[in-house]
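A short write-up of the structure that comes next.
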Amino acid sequence: MGKLEADFAIYRERMNERILEEDNRVIKRIYSVDSLAYAEGGELPKRTRELLGLVASLVLRCDDCVKYHLVESRKAGNGRKEIVEAMSIGLVVGGTIVIPHLRRAVEFLDDLESSA
Amino acid sequence: MGKLEADFAIYRERMNERILEEDNRVIKRIYSVDSLAYAEGGELPKRTRELLGLVASLVLRCDDCVKYHLVESRKAGNGRKEIVEAMSIGLVVGGTIVIPHLRRAVEFLDDLESSA
Amino acid sequence: MGKLEADFAIYRERMNERILEEDNRVIKRIYSVDSLAYAEGGELPKRTRELLGLVASLVLRCDDCVKYHLVESRKAGNGRKEIVEAMSIGLVVGGTIVIPHLRRAVEFLDDLESSA
Amino acid sequence: MGKLEADFAIYRERMNERILEEDNRVIKRIYSVDSLAYAEGGELPKRTRELLGLVASLVLRCDDCVKYHLVESRKAGNGRKEIVEAMSIGLVVGGTIVIPHLRRAVEFLDDLESSA
Amino acid sequence: MGKLEADFAIYRERMNERILEEDNRVIKRIYSVDSLAYAEGGELPKRTRELLGLVASLVLRCDDCVKYHLVESRKAGNGRKEIVEAMSIGLVVGGTIVIPHLRRAVEFLDDLESSA
Amino acid sequence: MGKLEADFAIYRERMNERILEEDNRVIKRIYSVDSLAYAEGGELPKRTRELLGLVASLVLRCDDCVKYHLVESRKAGNGRKEIVEAMSIGLVVGGTIVIPHLRRAVEFLDDLESSA
């Protein structure tokens, strides 16, 4: 695991635990439906659904969400060319305002690959 | 062609022409790269790229963009189940604020299918 | 029921039914958690939670969501002064871009009250 | 005055009056600082500040705000070429999601000019 | 005062001073109406208005604004359960894209409480 | 060159190179139209177009985009008073949610000037 990925994963895990300890039913259900949306099964292959989550995260400009879906998109079998092309759709739809997020996404992708 | 689709297509066509008549180089190039992003060829199948454009449009809550990608997603070979599942990803990522746009999307989809 | 409220309620009901007929598990669960979030019970009074939903909808500039929470905010016992003050917070946070949505909100509120 | 401009101006005026009748101090002050921001005087010419308001409205995808600043941009002395170029900046920054709003902006601009 | 809170407060204070030294009338008035919106008095209790500001900040995904309203929400008398429930409304309305901001909010809340 | 500016410029340069090495045609064209939009020539002076890019970036709350246009706005001949006034328009349109981004913008502007 690369450094950027490790930092992200550790913080994410720790804070998700804290959030679920709040024992708020609404929050728990949102976490649960989030898992369901990307689970195996479904009409579209998981690899496609991960790219959908990636592009949605990119146009909404959420760096941590992008990181998460970059990890999952690779695990689901998408290659770099496919991931970059998916992000290019996000860039066209979302405009140049997306570029700084694309920089951080590509940096994270490099980190993921270098540690693979 | 259904009524909703026809209204949308006519207005869209007419105003795109007017916009391109402005003869602004920046605008023309954005239109051109928009076509390129969804053209045949590429790493991902067109049917996947259309779903990416659909979900990006849905989370950014652009009804006209959603309509456009609904038309194109169907043309590219996506069935209703796949389209709805793609939109369900947008709903999870974007939250209940997406629901009114999902209503209009499903209404438009019904219109598309009834006229097919 | 006023004309604006009736038009909104009928369309909303009809399309929500269509959406749930898709039988997509993710979508159904989002609808279900949406109900839970504003249900009776909870730490904060329902009247407060409805105002939270109203302001969130206003700053995200979703007219239909605003309409829905205006109806529910009144049902939950909020008076006009309280509703308008809640919206004024949304205006400050969200800026003048919120004004057109505030216009439609006040028009809808007038419609709600005139038919009460 | 063209039809689109007249419809917009009448509704805007009527609802602004209703909003100010709420007698909410926060809302009144936001209206007042909005006027101040585009008033004569200042470091930048009014014609430039109107274009700034126009582009901000376009990338935030607020059709009514765009309409208002189109009217004011012309009054302040901007020609069509300048207005369209300003909007092209908004299109690049905001991406293709801006296109449907650009269509309505150009339609409104045509209406403004045809009635001049 | 916890470390996260102190870092935030010091930077915020220092830069607000710099901003007000610019002596721009529009900026000053926005700062002033911002104070007014959350001041004592008003139709809704301050504790409710702080939660409205918190949820608006959360759905607009502004971490610094969330931090500020977390501090003020507690000062105004809201307990952790109420604050978390308010944020759960923001999560439902804004979707999973809000989760990374919720993580940072809960981390900041822990810091606030540990130093109380 | 100040420290903030240097850090930003180095990272930006390095990652833009990485992005262009992906050899994705859509991404390359977006970069190219981005350059065109702010190039010399055009209907509006470059100094005005840079302010348009700055305000669009500010209301969309993209810190890195704001930094970039602050550098370019100064190079194109805008003074601090003009830049701050342009940002005040962004603050009015975008609301108090813009304030944290304005803090970072003014900090960056100070850094730019101190190193000039």
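We call the chains A, B, C, D, E and F, going by the order they appear; numbering starts again at 1 in every chain.
Criterion: a contact is a pair of C-beta atoms (placed from the backbone, for glycine too) under 8 Å apart; a residue touches a chain by one contact, two chains touch by 3 or more.
Here the structure is a predicted model, which is why all the values come from computation and not from measurement.
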Common contacts of subunit B and subunit E, by label, are A, C, D, F
With residue numbering as the guide, point to the option in C-E, B-D or B-E that repeats D-F in over half of the contact pairs.
C-E
Does the subunit A and subunit B pair touch with the same residues on each side or with different residues, judged by whether over half of the numbers are shared?
same
Find the geometric centre of each of subunit A and subunit D from their Cα atoms only, then give the gap between the two centres in Å, rounded to an integer.
37
Rounded to the nearest Å, the gap between Cα centres of subunit A and subunit E is 27
Where in subunit C do residues touch two or more other chains at once?
26, 30, 33-34, 37, 56-57, 59-60, 65, 84-85, 88-89, 91-94, 96-97
What graph shape do the protein chains here make by touch: line, ring, star, complete or other?
complete
Which bits of subunit B are touching subunit F when the two form their complex?
25-26, 29-30, 32-33, 36-37
Per the contact definition, I'd like the list of subunit F residues that touch subunit C in the complex.
59, 91-98
Would you pull the subunit E residues touching subunit C in the complex into a rising list?
33-34, 37-38, 42-44, 48-49, 51-53, 55-60, 65, 79, 81-82, 84-86, 88-90, 92-94
Given the complex, residues on subunit C that touch subunit D span 61, 80, 84-85, 88-89, 91-92, 96-97, 99-100, 102-104, 106-107, 110
Using the touch definition from the top, list the residues of subunit A that touch subunit E in their complex.
11-12, 15-16, 18-19, 22, 24, 26-27, 30, 34, 56-57, 60, 62-65
